[in-house]
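Next up, some structures in structure tokens.
What follows is subunit A paired twice: with subunit B in the first complex and subunit C in the second.
This part shows the complex of A and B:
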């Protein structure tokens, strides 16, 4: 089985099991692998958590990750950190670990599949109005589409779709292109150079995980903060656009 | 580059499942542990702050106590110094008084010893002078000293001026005897001559009494109720005593 052939740039193409509509491909398998790893790792580490001043290295690492995510969310959302935290953290951790294991030969990140990134983008697309409505009510949320005037309604709708598309394609494009480049380089110069590119790939993977999570949070924040900040756009949104 | 809708749905389910699992096994637990530890650390800090406040209060209290003790110590030391100074002065005064007393006593003793010595010297010197004079006169001029003394007395009686003689007479008239006192026994002949001379030149009917004194210094004395004629070797002895005293004093000064 050759997973990363030039003509097979997506793990979706690698069908491991098919039965009618049901088709188990590499994307799903690797997704379950990452999920299993995350869940087992979490259970292992949180099994004996210490509330004393001294703590294990793994707990310390986990606390640093969780603490950093929480503080990032707090900076953007200002309030309700713990409400958004599980969703944002799950996206971040899943993308991060999916991307980090790309240095293992034979492994293909599930995030390099457009299906996965589209699924995550759709989740963000649904989560944004859900959080917005939960926070401000459906009426207030819908009013936002007609601000500053009703003329902006189609642009708002287009914005919603286009940013969802951008979310999906950005992550998929970065990961897929990276793997494609690695595959080409392996064929052309099999020594040294692909290693450097692999290292660069790790960096890209981390950055992409961060961007995806931050953008998701910014979209949610912009939907939940409409009422308080009506009249001017959230600052973080502007910053997030720059990151894109 | 197409989307597999079965996989798409599966991924949504997967992610939702992952969210639920992580929420259950990771976020809740880790956040709880973090919060618990933060609370514990905050409590520890609070306790430390309280302990520090208490320590500061105790430090202030002890500092105040120490300052008070130092002030008391200083006051006590000053008082003790003053008392010691007073006591020292008292003891010095006492010692000085004692020394003065001892010195006075010593000086008194020295002085009385000196007086006794000089008295003894005077007595001995008088006796010796008298004896030597008698002997010299006897050896060189064959003259008896006592006899010569009586002669001189008689000369004095005979050559006495009228005013002095009147004084004697006046005192004799009041009823007093004429006393002739000498350091030696006047022989009876000489006594008779003297008696006659007194009766002739001073008082006719007066009673004349001859007395012997142990003091060789005396020489002779003719006296009657406040008036007297006398010769004595006392002046010679006084001169000797004075010279002797000076000689002793100078020697003592040199030794010092």
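This part shows the complex of A and C:
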């Protein structure tokens, strides 16, 4: 069951419910479903946490997820893990779950709509200077734009915008292309090849969620580390991936 | 040939060329990136976590170029502004 027709490139165009000027499209509905699932699941699991030797299996699962995300953040940011954790983990979990459910018939990933990914990229765009100013103060943050000389100012500004655009279009393009490939394969060679591509799509979904979160963390880390600090310490992780 | 068929033909051919040529560069780039990462992992297996993470981030950066091309061809095929304009003109 495909609810997005093959000539529509976004689930925004699928209107499920219209009342007056209020239009509820498929993107909104599935975003709310994912949000509700995450919130209710987290509340249900964290309701009865235990520090005893026996854990419930759900608490174990949540501890593994939280621990992995924290260690990934620590490897990039080196300090202040708890400051970045809520933002990065929210992005990661939301994208991960909305990508993973694509194997359910009738489901459309909300991340395959440019509006969702653009909203998340703009969140990163706002969060980077916020964290930078909170860590180093506004003067030190603005000074970063004029390093090494003032000639580099326009390039820094251009980089800010182009990486936001790239963040949005990358996630959207990956998910949308996956959907279109499945739809075309269903029409050409039904039964076997679409299943293989679905399995590949799960892998792509996980990798894209990981990349989005890691890139957001790398951008934040590059804004919060001042220039002098980066010169002293060997920061091989962030230096190697500091791409625009 | 009327303007409608010219627009349709130009859109389809351009979409194909855009995707075809646009995939060459990122293909070479990703190949070189994976080659470098595999060489490094073979030499220093202890650094594999850091190398893999950097490789994935780099691959995403390279891949986004191909994704731009893909989005452009998708727009040309499915949501072409010139095609809607021509259709509106033809409709009246």
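Heads up, the rule we're going with is that the second predicted complex is superposed on the first by the 218 of 244 C-alpha atoms of A that agree within 3 Å, B and C clash if a C-alpha of one lies under 4 Å from a C-alpha of the other, contacts with A are read in each partner's own complex, and residues count from 1 in each chain.
Basically, a contact is a pair of C-beta atoms (placed from the backbone, for glycine too) under 8 Å apart; a residue touches a chain by one contact, two chains touch by 3 or more.
Quick caveat: nothing in here was measured; it's all calculated off a predicted structure.
Ranking subunit B and subunit C by residues of subunit A touched puts B first.
In the superposition on chain A, A:215 contacts subunit C only, with no contact to subunit B. Touch criterion met: A:169 reaches subunit C, while subunit B stays clear of it. Touch criterion met: A:25 reaches subunit B, while subunit C stays clear of it.
When the two complexes are overlaid on their common chain A, residue A:35 makes contact with subunit B while staying clear of subunit C. Looking at the shared chain after the overlay, A:198 reaches neither subunit B nor subunit C. Using the contact criterion defined above for the overlaid structures, shared-chain residue A:180 touches subunit C, although it does not reach subunit B.
When both complexes are aligned on chain A by C-alpha atoms, subunit A residues 9 touch subunit B in the first and subunit C in the second. Touching subunit B in their complex are the following residues of subunit A: 9-10, 12, 21-23, 25, 27-28, 31-32, 35, 38-39, 42-43, 45-46, 49-53, 55, 59, 62-63, 66-67, 70, 82, 85-87, 89-91, 93-94, 110, 113-116, 118-120, 122-123.
Residue ranges on subunit C touching subunit A, taken from their complex, read 50, 53-54, 56-58, 60-61, 63-64, 67-68, 70-71, 74-75, 78-79. Residue ranges on subunit A touching subunit C, taken from their complex, read 7-9, 72, 75, 166, 169-170, 172-174, 176-177, 180, 207-208, 210-211, 214-215, 218, 236-237, 240-241, 243.
Within the complex formed with subunit A, the subunit B residues making contact are 1-4, 6-12, 14-19, 21-23, 25-27, 29-34, 36-37, 40-41, 44.
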